[in-house]
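Structure record follows, encoded as structure tokens.
Going in written order, the chains are labelled A, B, C, D, E and F, and every chain counts its residues from 1.
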């Protein structure tokens, strides 16, 4: 139950602007499966185009971080933000990119630990050490 | 300005329980510098001992993720949780472990992107695809 | 599945204090439908009365912002806070007040963008420009 | 540096609507000190009146929870929400109501632990046990 | 639907490391019921052991706060962090420890109030009064 | 104190890629003032370009929502996310676009109210009414 309609493949095929993005998702990911996130965004073609362009640039294009590290960072943020959808979709993506259960276990441990010390530092409002200042 | 006193080295030296943790922090990190987070936790020895033991186990002990990846995940969570102290301390730690500006730039880009799509998925309450179900 | 019982109309009718609030909700909204939020709050009459009085004053009484703008602001906060219930109820309310799909698309885009730049500013702990100081 | 002007006692004295709230704050708290939160809200008299009325009803009026427990719950939420102002003001209020350092230490430990397990449960999207269902 | 397998009692029995933790949970809680949180963590034995040891030390061992107050603080944080699982499990735990509906109502009222004033203080970025400074 | 260097106008002038973005910011906003957010992003030219392009498209280009409504939505999200920088910069921007104190007061009231009911709905995990389902 979403606040918007999830577009079927038939509806996508009938809208050239949406179809172009879906075609690029399928080509880029080398898979016919397009998940609900994009089927929801299809209601807003401008948002759909921008988010996909951003995601492709940030998560797909080669860069200084490897694809698995990127997905694990995405999982970490999604857990902190309590995003059920993104926790599921990016954990699946990380596993597809080779995340082992040992890596996932350490990732979860770090996320939990960070949320714990974030709360302690925010609760006590600890002042930042001058040693951490960049020069 | 914190909600608690930040312990000086003299105060630490006078309390064997706190001193033992500070000594271990210095030995483990091979540095005499102990940052304010620990000087704030010193007011609560039981919390100090537990948090340091946890952090040492999760962030220092060798495991499936390399130390730099761990720090970058910590930064990501701290940014999502709006923790000023942790953003500073873990960005400094990540740089000390070799994080390049290119890696930091990609990390920031991913964190921003994840917060954006988290908000979209939470706002539209997109249902999780059955394809993401583990078997 | 909630942590509290959801009151039926029969149970509401049997409790004068709760009934008075439900009657006012129905009169104010010109609708017989009372959504689950109030049926959950009915377990705590003092909270029920205060929240409804506040909401009526803030969201229903005429003021400097029009009713649709108010609902869109409510949706924005609910998406940022990952509130499934409020995302649904206030998106429905905004549509009932005339929100177009184009407006909803722009709202979602702004919320996503704000969450993205919030994370960047919090991650880098960017100092506030003196130019933003009120005089 | 706030986004609004902080009202001085002179400005408060010149505005009967704001003055009435400040007078009640001083009488209720048996103290002449009125903290910045109210001096900021003074710019919005309707918000000032409502928030003070709510706070007085929830935090000051006698009820099922004792005043110190109430303040500790307030601190917990403020730490989780990264509210610097509220962490400071409610920690000071809790100490004024007798919170010991041992109680504060346990409070911080619980808040940190809860944030940690919240992140783990949200990250793994653990389904709620039917045993937790109310009947 | 979780991102990990939930361990059955048979699977737990076959893994000595996981079994030891589950046995201690059952003994400590004087109940055969082990909820899904632990069945999810069982996939990561090191995390399972650490989280249980931490929780036992913080929530079960006697201290300066009584068990019911601890659970109510846990509920408050879980509501602020939008953790569905923890809201359910800790509300059930608080009720098992004697939380009355009147106490729960006041707890909810405080949590809502704190989230409201947190947002106001964060929105206006109200500066902390020097009077709140510890000496 | 940020985690990155804030670029001066001289440093910007010496980097054609960064300079192009700053020039466009100045032209678009018809102002020579470029705030710290962009001076921090300048360290990451790819992020700088993308964020500015996104912001220009979402916040500057004409659309279904007027510019002031957009800024108020941005403030709402920034308050909910505890972003000090964005609360300041977007409140200043909203005032520059004509936000009255009465509008700002109502905006703050809505944000506070939404955070309150978000916490109540998340705390009680109230199920979404079928009436809110889109058809």
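Assume a residue touches a chain if its C-beta (ideal position, glycine included) is under 8 Å from a C-beta of that chain, and two chains touch if they have at least 3 such contacts.
These figures come from a predicted structure and were not determined experimentally.
Path length between chain A and chain D in the touching-chain graph (shortest route): 1. Shared contact partners of chain A and chain F, listed by label: B, C, D, E. Distance from the centre of chain D peaks at A, each centre being the average of the chain's Cα atoms. If you compare D-E with E-F, the chain pair joined by more contacting C-beta pairs is D-E.
Chain F has its Cα centroid 21 Å from the Cα centroid of chain C.
Separation between the centroids of chain A and chain C, computed from CA atoms only, is 27 Å.
In chain A, 1-4, 46-47, 50-51, 54, 77-84, 87-88, 91-92, 105, 108-109, 111-120, 122-125, 128, 132 are the positions where the chain touches two or more neighbouring chains simultaneously. The touch graph of these protein chains is complete, with an edge between every pair of chains. Put simply, chain B touches chain D in their complex at residues 1, 3-4, 43-44, 46-47, 50-51, 77, 81-83, 128.
Residue ranges of chain C in contact with chain D, taken from their complex: 1-5, 46, 50, 54, 57, 128, 132-134. Those residues of chain F whose C-beta lies close enough to touch chain D in the complex are 82, 87-88, 91-92, 101, 104-105, 108-109, 112, 119. Every residue of chain A that touches chain B in the complex is listed here, in rising order: 1-4, 6, 33, 35-37, 40-41, 47, 51, 54-55, 58-59, 63-65, 69-70, 72-74, 76-86, 88-92, 100, 102-103, 105-107, 109-111, 113-129, 131-132. Residues 75, 78-80, 82-84, 87-88, 108, 111-120, 122-125 of chain A are the ones touching chain D in the complex.
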